[in-house]
Amino acid sequence: MTVPAPTSAQRAANGLVWGFVALVLVFLYAPMVPPVLRSFAGASVENGGLFASYRAIFDDPLLIGGIWNTVMIGAIVAVVTPVLALAIAQALREWQKPRLILGLVLLPLFVPGVSMGVAMAVFFKVLGVEPSLLTMSVVQILWALPFATLVIMTVMASFDETYLEAAYVLGSNRFAAFWKVELPCIRQGLFGAAAFSLILSFNETIRTSIVQGGRNTVQTYLWSQYQQVGLSPALYALMTLLIVATLALMAGIVVVTRRRQLP
Amino acid sequence: ADGTVTIADIGVGDPGGDWTKFKAATGKDVNLVSIGNAPSAVVNQLLAGGGQKTFDIINIVGGMQKPLAEADLIEVIDTSKMPNFAKNTYIDTYLAEGSPGFDFIGYDGTLYGVPTVLQADSFGYLPDKTGEIDSYGAFFDPKFKGFVALEDNYTTTGQKTALYLKANKLVDIEDPADMTPEELKNVIDFLIEKKKEGQFRLIWSGFEQGVNLLTSQEIYVMDCWEPMVFVARDKGVNVEYASPKEGYLLWAMAAYLVNNPDRSDEETAAAYDLLNFMLGPWYGAKITGMRGYMTNPMAAEYAAAHPEEFSKEEADKIAAIDARVKDKFAYGGTWQNRWPTHVEAYEEEWQRFKAA
Amino acid sequence: MSDPILELRGLHKRFGTAVPADDFSMDVDRGEFFTMLGPSGSGKSTILRMIAGLEYPDRGSIVINGRDMTRVPPWDRHLGMVFQNYAIFPHLNVGENVAYGLRKTGSSKADARIRVEELLSLVGLEGFGKRNIAQLSGGEQQRVAIARALAPNPSILLLDEPLSALDEKIRREMQDELRNIHQRTGTTFIYVTHDQEEALTMSDRVAVLNAGAYVQCDTPKEIFRYPRTPFVAHFFRGCNVLKAEYHRRDGKVVVSLAGAEAVVDPRGRDLSSGCLAIRGETVHFGPPAAASNMALNATIEAITYRGLYSNYHLKLADGQTLEATLSQRSSMAVGDTVYISIHADNLVVLEPD
Amino acid sequence: MSDPILELRGLHKRFGTAVPADDFSMDVDRGEFFTMLGPSGSGKSTILRMIAGLEYPDRGSIVINGRDMTRVPPWDRHLGMVFQNYAIFPHLNVGENVAYGLRKTGSSKADARIRVEELLSLVGLEGFGKRNIAQLSGGEQQRVAIARALAPNPSILLLDEPLSALDEKIRREMQDELRNIHQRTGTTFIYVTHDQEEALTMSDRVAVLNAGAYVQCDTPKEIFRYPRTPFVAHFFRGCNVLKAEYHRRDGKVVVSLAGAEAVVDPRGRDLSSGCLAIRGETVHFGPPAAASNMALNATIEAITYRGLYSNYHLKLADGQTLEATLSQRSSMAVGDTVYISIHADNLVVLEPD
Amino acid sequence: MKSIRFDALLRVLVLGLPLLLVAILILGPLGIMVAVSFWKKTGFAMVPDVTWHAYATFLSGVRIEVFWRSLWVAVSSTVLMLLIAYPLAYIVAKKVRPTLVGVTLFLFSVPFLVNFIIRTFSWSDILGRSGFVNSALMGLGLTDAPLDWLLYSDFAVYLGLVTAYMPFMIFPIWLSLSGTDKRYEQASWVLGEGRLMTFWRVTLPLSLPGVFAAAIFGFVGAFGEFAVSVILGGTGYQLLGNSIISSLNVINYPLASAMSTFAVLVMLILLVAWFFFFDLRLFLGKIMGRQ
């Protein structure tokens, strides 16, 4: 519907709307500011210059190890979770048991984090699986799975199965039809699920710490440091890098889409 | 395994990731895993989380032998495999069998832990705001209402409160380190009453938070660990660590040998090598310098004698810390009891305090 | 000539309480344009989908080109299908859509490109290859769907109400186009529609379905002029179903309606329904041209103007209403009493439903 | 009688390059059944939406009941609207849907209940009040949409292709129903369709739209018999548009087609198009009944069977094709040469598009 | 040529195996948890048993209060988060240019890349007595003394919860708002209902599936939270997560399990209510095939 020329009341309402969005963003981004400041503050700066804390990231082998593990687990979780979620959503469609399957997948959300961690750990012990990157990943995948599944389902909710039938009749078997037709159509949902999974992985501490075995993640390391010896400026520097890199990436995306729109 | 000794540690035992000296001496690598110090974190890791198979050593605040040994999670220590053990005179001085300090490394007359850190805790305060303070009574002094923080820990805060109440004869307490459920209830009732009066700004947990509370001057009196005071001073805040007339709360960290039936003799030998290394002078000096706790008698001496490894400044700091902790031990106090007889009542009562 | 390319034998299919195919048997000849007509829910789509392999029958068999295909998955049947909503792949452009089925035929890239061009020109979309699907009008989308289905040279093309979403003008154009394509390619067409005119205009044979079974299957002319039951008769616009009585007299069948009588050809049909069908346009205003015609008096109750023709609602002596269709103008008016006659050949005996 | 309930004055609307309303003016009388007919994209829906207030015109004004409503939001216009896909609220049951608009009218709960029952019985859905929307057939949904729109007693009811999703049988039933409702309620109906038969059968007046403007606006009979331009003529099935020449002779207009001539009534129209419209059903086979008729020889090129009637494709002497419609059977066959005549009144002069 | 049976078998394997795997991975630990809740704790050992002891401890002590408080905090913060997330999702769905929608949604999730503990802890620098906000307020002369309730208070806990979980809720609400047909709103307008009533009677009810998914996201976050309460809660803010951790500190696995089992049960009841009151079809759309 075309909006007629805005009246002053409407202009005020618009201002209110965008003011609200801005306010929420301020609240969400405000906690980013102290870490950034801390990454540039402290004694080491006098010794090593403005970016001393950033260099210190590389001097801390525990942190470097943690970063590596975090990235590995993040990658595994971001790849495996959407795939599993996709299989589950497909199974739900195939077998038309939405309540049962959805209920099952949502269950891990309802178990308090520590308890899920302990229960998973005991379960692994019963199965004879030793703690490793694998156990950490599994725990995080189960945590991210409900989110990923809900996201994928919302996208699949608007994918018409007739497209698959058309592909079958044109000679594609189930796999080919899925690969060549459905997958390209629900790509967005998979990306969304992957993003959700990655974010959840990056924020998971308590479940992971119980099955971490001989490895740290940035989160478990940071939580332990926070409790016992304090956070090093290198950790604040790392967080600052993450924000800056992501915002830059996002700005890049905006510019690229803008440019693609122009012609 | 595979030539690497894995040690789970609460962060205090990490010499900045530098294990070159150990590697040079033994050819083994060290894999350090950061874990929490809360019993839940420790026990979950070992009991449920498969840590028994992963970790060779677990270095945490001592006093956990009872639950760990009874659940067969740790092994008896064979001191003969660690030449440095005998050289550590602090053990005999402060942690000898039969003395209350032994409860931090042994259980039922058996040695389970290697002491890695020793310390005596009281509380910190901002003299500019409060003037000189020499009693735990400051926690409950109406003058500081709303500017007091306690630690979220029933075996420290609970015990310090008990010390105060007993010393001032406010509550009948036989042993502040091991209270009966009735005594405990009285202590907690007292805390709850104070809490309701708005005496406490917060119950803190975590080193980072503690330091922040001091540097931001959010609170004036804080039940805390001495290294927090060091860090706050480094940041230019005038903080004192009190010498309370009721005495200090003494404690030690212990490195336990994790009971792993699958571990080979060779691996066990490597683990002992690491324990021995952690009893050694370089490691002790490093940890004292970095973390602010007393370690072993050779640390200060070693730092002073090795200017290529420790600057004069660092060596002085290490010596000062060592001397101060010894002073505090000399003044004395009570030993913290991490696993009191009625530990479940402690937990339940503490829940009551926090939920009140 | 009986060279069936498709034989359906006793197909049975149930979904819960719905039985969209109930012992359904049917042969379709090679090259035929075969149409299924029927009300909503009568099972047309289900039968088409069973032929395509998108549903499997509970019982019965499907033989294509002499081979039993009952349990063969759709991708191995080599049929073409045009879906009601086209189902053109939204992530591919026009050319890629048309080429989709060619991969399986093993054609080279160059061959495929030529074939796509050929098909696009067949459906009148030369040069549309690179177009995005979103840029097409409904009629264009439909043609893409047909080109895509024809590309792998299927022996049978299944079309499920392909024109129902189009407006009348494009629809008529597309009907012509489809007939053209049918003739040019020689492909067998199995067509589903609910539009009777479409069915009659385009088909070689029409089957009228009801509740999972066909009621009548005949040439368009036959089925239109001689519906077998009231159900079929009601299905075609302009057909009156009247209560009448049948007698046998001198070995002949005589029908009496509103006091008038005529000898009819029962076409071997069961007379028990007591129903007679008369198409509106066969009603002749004026005296009977021959004695064998049925002649009646009637009153004009209403005249509805329908553009191409007008409908005269005639009240008969027994109170029944007969709707007569007249495309020419006339001076008759509501209230007039008219004399009408119907040729005996247009008095159609109906069997019970 | 000129009591316009709705006046559209110079409406103009553009979306990017599309101009769905281009200086559009139109009056609709109180109680009228007014229909807009036109090809896809001609702006029918946009004009309806502007009347409803769902779009605002770039220029021009909309006067409803004598009040300028151009910039009034939809909720203050007191119109009813039936959307193409019904847009029945899926979270409400049938009764709640119908009652939706009654809150604003301030009716009490009891009154509302009575009104809902009344409307449901008006649309033939007594007792459906508690039904879930998902349990309704297409035709039932459509009736709910109408009942909902009528509930607050709107002075104007807008209907955007309300029947296009229905199959032919239900559709015809619904057409009757709509006409009934129109007569019983006296509400002004503004109706959009692309079905010419629907437009002709139901309306008091029909406007044929092209590219945001109407080409002709007349009674159904008038527009059907005397289309103004080739565009309108092509829009109605069965209308032939032929090249012809016009001369003036003795103050009269004479048209000549394939060598034959006749005096025609130009109806005040511009003769420059050189186009003549002849409806197929007005072609009379046989000698002219009057001298003023146009008489021609022609060859039957093809006969298409269309059920209700057959189309005879007649080739004229000048090579043009004329399609004649005949509903009665005849013995003529392809290849026959026939003598045809057309009454002068059925020779329609067309203006240029 | 592949037989139909082979195809069906393959399908069962490809779709069934992941589902089976997930089912085992979820139900296995959960089963253990439920079983342990009935065990007996004797000293440091736990003995398989069928006793309600842990439940009795839980239900008769201070912990059940903590549970209800947790539930209350979770419910109230979920409502609060919905009140923020819904308008945001609405704005993204209706007011943001389509090409910028992706970026806008992303903007709300960037903060999640920063560690949760650091993010939460940051509030003490901002809201403390000498923090940024109090300095600003006093600098501007709006207050004479620092506002104590900004930190270590209910306010701080809710703020922490909202910033931690609210952004997760925008996405599902946005999905369901952007998926509803505009014609429903237009139909309501034409029926005489203005923007506000149309929102209330049409837009809101139709977006409830997304709201419920969002509510689940926010609710489970707040309900299971342990760090926000510890870092920002002040004098011992106890949520269920804290209470469970605390029970593990004395190695009381049966008690921890009993609390968790109880929590799962309560949540399942809520889930069943969702399934019961809301047509899943509205949420699952074409996944449910033809009607």
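In order of appearance the chains are A, B, C, D and E, and numbering begins at 1 in each one.
FYI, a residue touches a chain if its C-beta (ideal position, glycine included) is under 8 Å from a C-beta of that chain, and two chains touch if they have at least 3 such contacts.
Everything quoted here is computed from the prediction, not taken from an experiment.
Common neighbours of chain C and chain E, listed by label, are A, D. Here the largest set of C-beta contact pairs joins the chains A-E.
With centres computed as the average of Cα coordinates, no chain lies farther from chain C than B. Look at where the CA atoms of chain D average out and do the same for chain E: the two points lie 55 Å apart. Averaged Cα coordinates give chain A a centre that lies 15 Å from the centre of chain E. Our note on geometry: chain C versus chain D, Cα centroid distance of 26 Å, whole angstroms. Residues of chain C found to touch two or more other chains are 73, 76.
Looking at chain B, one finds that residues 40, 44, 205-206, 208-209 touch two or more other chains.
Touching of two or more other chains is recorded for residues 1, 114, 118, 122, 160, 173, 223, 226, 231 of chain A.
Those residues of chain C lying in contact with chain D across their complex are 39-40, 137-138, 167-170, 172, 194-197, 200-201, 220-221, 224, 235-238, 281-282, 284, 304-309, 325-329. If you check the complex, the residues on chain D that touch chain E are 52-54, 73-81, 83, 85, 87, 89-91, 100-101, 103-105, 134, 148-149, 152, 158.
The touching residues of chain E, counted against chain A in their complex, run 2, 7, 10-11, 14-16, 18-19, 21-23, 25-30, 32-33, 36, 84, 87-88, 91, 95, 99-100, 102-103, 106-123, 125-126, 159, 162-163, 167-168, 171-172, 175-176, 179, 186, 210, 213, 216-217, 220, 223-224, 226-227, 240-241, 244-245, 248, 253, 256-257, 259-260, 263-264, 267-268, 271, 275, 280, 283-289. Those residues of chain A lying in contact with chain C across their complex are 160, 162-163, 165-173, 176-177, 180-181, 184-185. On chain A, the positions that touch chain E within their shared complex are 1, 17, 20-21, 24-25, 27-35, 84, 87-96, 98-99, 101-116, 118-120, 122-123, 126-127, 138, 142, 145, 147, 150-151, 153-154, 156-161, 173-174, 192, 195-196, 199, 202-203, 205-206, 218-219, 222-223, 226, 231, 235-236, 239, 242-243, 246-247, 250, 253-254, 257-258, 261.
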